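One chain, subunit A, links the two complexes that follow: it is found with subunit B in the first and with subunit C in the second.
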Partner chain A sequence: MARKLLLENINVPGIHTFDVYRQHGGYRSVEKALKTMTPDAVVEEVKTSGLRGRGGAGFPTGMKWSFLAKPEGIERYLVCNADESEPGTFKDRYLMTHIPHLLIEGMIVSSFALGAKTSYIYVRGEMMPQIRILERAIAEAKNAGFLGKNILGSGYDLELYVQPGGGAYICGEETALIESLEGKRGNPRIKPPFPAISGVWACPTVVNNVETIAAVVPIINDGGEEYSKVGNGRSTGTKLISASGNLNKPGVYEIELGLPVEEFIYSEEYCGGIANGKRLKAVVAGGSSVPILPANLILKTINGQPRLMSYESLSDGGFQTGSMLGSGGFIAFDEDQCIVRNTWNFARFYHHESCGQCSPCREGTGWMEKVLHNLENGHGKMSDIDLLVDVSKKIEGNTICPLGDAAAWPVASAIRHFRDEFEWHITNSKTAMEQNYGLAKYADPLPKLEEAIQN
Partner chain B sequence: MLSVTEHKEIEFSANLISKFEEIVTRYPEGKQKSALLPILHLVQAEYGWVSPEAMDKIAAFLQIQAIEVYEVATFYTMFFMRPQGKFVLEVCRTGPCCLVGAEKIMHHIEKTLGVKEGEVTADGNFSWRGVECLAACGMAPVLQIGPEYTFHENLTEESVDKLIENLKNKI
Partner chain C sequence: MSDKVKVTIDGITVEVEPGTSILNAARQIGGDIVPPAMCYYSKLEGSGGKCRTCLVKVSKGSEKDPRPMPKLVASCRTGVMDGMEVQNITSPEVIEARKGVVEILLINHPLDCPVCDQAGECHLQDLSYEHGVADTRYEFDRRTFEKIDIGDKIQLHMTRCILCYRCVYVADQITDNRVHGILGRGDASEISTYIEKAIENDFSGNVIDVCPVGALTDKTFRFKNRVWFTKPVDAHRDCPKCKGKVTLWYKGEEVLRVTGRKDQYGEVEDFICNTCRFDTKNTSDWVIEGPRHISHTSVISSNHYEMTLLPVIKENPILIEANKIEFDRATKV
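Up next, the complex of A and B:
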């Protein structure tokens, strides 16, 4: 069995309650940090651990924390990003539902490290049940003296609140989240200034993902050094993977970073293989925003090395032949799935979720959706394929926030790797309405490097 | 868009107002606008939708311009700008759910309720719509029902039938 740092006690009955959580070693990290460490020492441990943000971008957490401005007499804030809306990602919901105190514990230690006296957990509005769970957990922790004034006699005060969103994917982007927390529309801000200098109510702010905050707990309990020994190279620690699509056992798994993708998909300990005895066609490995890869390229890199579940290995080959770990939303497609239909579905999603501030994103996502809809419904032209590539290139890098890139990459990568399937939709539009293209060459050995790069 | 309905004065209950007042204490002095989203949720849970009159009242309570409430309420997908069915079935329509049959579930709901997406059944009891990824893709297909946002996973046509029956019994 692989090491579990976050979900070790997830199956203990009653672990969602304060008492049971505490009996299983809960809140030790708060005692250790507040009684025996300085805030800076906590930041140092997190730096040593090599922890990287689990929300998608993978930015080193300790470094992010050390950028936080600390002007005299101005409040600083920690805001936890529990907006979880990236298609394919459902690990934060799982963690908050089953072991809410792990997040509360992490919030206390992290707020202490940053010198925040008020912190917020911004939860997407649809997760009302989780909001109720967290509010109950906060009340329990406060009752036990772990929140409020003078926590454990340390002189440190902290209030923790849950803030609901209103249903908007864009509010997962950290500056849109800050706007939303201020009671506004979720329009991302132009950076700089970065939130570390000017965030919520123009005060220095750190925004971190739920899983990132939870990982601070084992880091403080066991030390950053111990944490950094788990994992693989610069991908330290464990990662929660949300596995969905055509798998025998979809669900949330805690893996040690560096686990081979093949083992994750096929072993009984994890996903147990492809559902209904079918074969694997493609995988989106890090949530809908990252490039899709055909089966052969997700299992092995272009150099024939086994592909691993780590930041480095998943991005091996760049966008030509690789992808990204992203938020860890692992979506598996079996041989009967239609890549064109899924690409249209994702394009529709991004168009729907674009905040509309910048024209390349607002207009480009709508255009891609329309062209893909035509293609999927048998009205495509051969020139549409290059048009899509062209539009995606014009969005990429030309927008205020990364949603533009997130919309462009799935389209560009689907065409890069599955161009023959798009062409087939155009040349066989009637057949394509009734049946799918199938597996074609994607379960075959790896394409040659030149072939992969040519597209 | 804001619907044109008969203008009816509304009064928020004392209970609701006291909830608003507690929420405002979560933010620094003068930053009460942050309470807007939590308050919109409470109002929608009470009335089933967010009417222009309700938004005006919220603006007055928070001491902000009415337009600041309108622009926010219309930006976020969860707030209904017109009355809905007593139960609103919100089915996830995004990629991962579609890989395991979400589209079939939506067709089934449309057929069973006999209304199109966004419309309300003649008895006023049901409406339905497709929504984007609900962060439950491993339990797909899924749907949620406000205002409690109860969650229903691994849907089949049979389980949807049973769910609708159960809801009818609650009316």
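Up next, the complex of A and C:
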């Protein structure tokens, strides 16, 4: 059984209450940080740990914190991004529902490290139960003296607020989140200036994912050095993976980064294989916005190495043959799933969630959705496939925020790896309405690299 | 020792004030290397960055940090650094991306230029003429909206809108109270007023001037004439509300419409009030200054208004004199 850092006590009855959480060693890190450490020492510890942002981009958290501008006399803010809405990702909701005090503990330590006197947890509007849970947990923590004025007699004051969002995917982008938090329309801001210089109310701000902030707790408890020993290479620590799709045991798993993908899918400890004895066709490894990979490429890299659940290994091969760890939304497709339909579904999502501020994303996402809808429903043309690739290229990289890229990648990668299936949908449009393309050669062993070059 | 920074755009070096955007640095050089801009408006703070037509490639970040920028950047919202090197029309990548943006801007545009009042001074028209392709790959129904009247003088035809947000910034920055804005999200977003409330303030007419397309049009000019048949003349009047510096658009003896004075980038020199714009359409209301110079590339200049004697000029000796020089120069060529 691999070591768990975040979900160790998840099965303890009543862990969502302050008393039980405290009995199981909760809020130790607050005591340690506030009583024995300086804010800079906490930042150093996080830097040592090698913790990388768990929201998707994987930017080193310690470095992000050290970029925070600290002008005299101006407030600084920490904002926790709990606007989790990536299709396939549900780890933050799980964490907030079952062990809310872990997040609050992390918020106190992180706010202390950054010198923030007011911090916000921005929760997606649809997560009403989680908002109530968090507010209750905050009240409990405040009652016990872990929030408010002069926490634990250290002289440090912190107010923590929960801010419900309006329920838009785009508000998970940090600058759109800040706009929304300020009460405005959730349009991403044009960077620079980055939030570390000018964020909430033009004050320096750090925005971190729920899981990132929760991971600060074990880092402070055990020390950054100890945390960095867990994991693989530059992917240190553990990661929550939201496994969904055609798996025997879907759910949220805490894995040590560097776990082989094959073991994650097939071992009894984790997902327990593909449901109903079917075969694996494709995997979206990190939430809907990362490139989809066929079964052969998700289990092995193009060089024949086993693929691991880590930032580096999943992106091995770049966009040609690799993907990304993203936010850890692991969606498995069995042989009976239609990739075209799935791609259309993702495109529909991004079309619906585009904020409409910049033109390539506003118009391009709708265009891709309509073309894919035609393909899926048997009205496609061969030229549509190249059109989709072209449109996705015109969106990618030309937008204000990464939503454009996130909309373009799933389409581009699906066509890159499953072009046969798209073509089959066009040439056999009638059959495609009644049955699926099936597994085809997507799980075949990869050709040896030398042979591929000769060909 | 000057505080100015050096920036090289398409091989041409220019010295500009620190903090200038790449677009404005390019405008100081002028000519073909100026990136087109649909949403940026120099007089409106915070505008720009949305239409993505002004994308450029930064091939060298600065003298201190010569790394190129990983993506194309919006030149209107990216500040120059000392020693920065920018590629606009010399980069095939930029041209390709711009073509893509133009195509994408046009897929939901009605292309109803023959019946659009903006035709002839429409930025989208210019842009698609330069960068667009002849046919479309978009096979679906275009987005349409009902026309709505916002106030008794302004009509909003959302179908033509490219969502540049300029009119929103105008309302925010030069009027007291903004009653219109963006509703909806993604490609369903639209400019509208609060439950179709009328925009009623003294400077509301400026949304017409800043609109790069024909989405916001002047109802007092609607279907009166094509802009290239009208003759622009600079004029001023003593206005208690604004500076009163305008361009009058003549057809014969009649003033068909009044706008702010637009420069070659379509940006007005001064915003004008609604009295000047809608209610003073007689020559007697104005002191005429002379013909408005319009860039020779514009279709409006094709009627040679600068050389022909406008009826209004015949009565003004100063204008006759001014016009004579123009006329001599033109006839020599």
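Here, the second predicted complex is superposed on the first by the 446 of 455 C-alpha atoms of A that agree within 3 Å, B and C clash if a C-alpha of one lies under 4 Å from a C-alpha of the other, contacts with A are read in each partner's own complex, and residues count from 1 in each chain.
Here is the rule we go by: a contact is a pair of C-beta atoms (placed from the backbone, for glycine too) under 8 Å apart; a residue touches a chain by one contact, two chains touch by 3 or more.
Note that the structure is predicted; figures quoted are calculated from it, not measured.
Because the two structures share subunit A, they can be overlaid on it, and in that overlay subunit B and subunit C fit beside each other without clashing.
In the overlay built on the shared chain, the residue A:R185 is in contact with subunit B and with subunit C.
Once the two structures are superposed, subunit B and subunit C can be ranked by residues of subunit A touched, with B on top. In the superposition on chain A, A:G14 contacts neither subunit B nor subunit C. Contacts of A:A168 after superposition: both subunit B and subunit C are touched. Of the two partner chains placed by the overlay, only subunit C lies in contact with A:L387; subunit B stays clear of it. In the superposition on chain A, A:E353 makes contact with both subunit B and subunit C.
In the superposed pair of complexes, A:T399 makes contact with subunit C only, with no contact to subunit B.
Within the superposed three-chain model, A:W367 lies in touch with subunit C and out of touch with subunit B [touch as defined at top].
Between the C-alpha centres of subunit B and subunit C, as seen from that of subunit A in the superposed arrangement, lies an angle of 70 degrees, given as a multiple of 10. By the document's definition of touching, neither partner reaches A:G233: not subunit B, not subunit C.
The overlay of the two complexes leaves subunit B and subunit C separated by a minimum Cα distance of 5 Å.
In the superposition on chain A, the residues of subunit A contacting both subunit B and subunit C are 168, 185, 352-353.
The residues of subunit A lying in touch with subunit C in their complex are 168, 170, 185, 190, 351-360, 362-367, 370, 387, 393-395, 397-400.
Across the complex, subunit A meets subunit B through its residues 75, 84-90, 92-93, 118, 124-129, 159, 161, 163-169, 180-186, 201, 242-246, 250-252, 288, 329, 331, 333-334, 337, 341-342, 345-346, 349, 352-353. Against subunit A, in their complex, subunit B makes its touches with residues 26, 28, 31, 33-38, 40-41, 62, 68, 71-72, 75-79, 93-96, 98-100, 131-140, 144, 146-151. By the touch criterion given at the top, residues 48-52, 55, 71-72, 74, 77, 97, 100-101, 103-105, 107-108, 137-138, 140, 162-163, 165, 181-182, 184-189 of subunit C touch subunit A in their complex.
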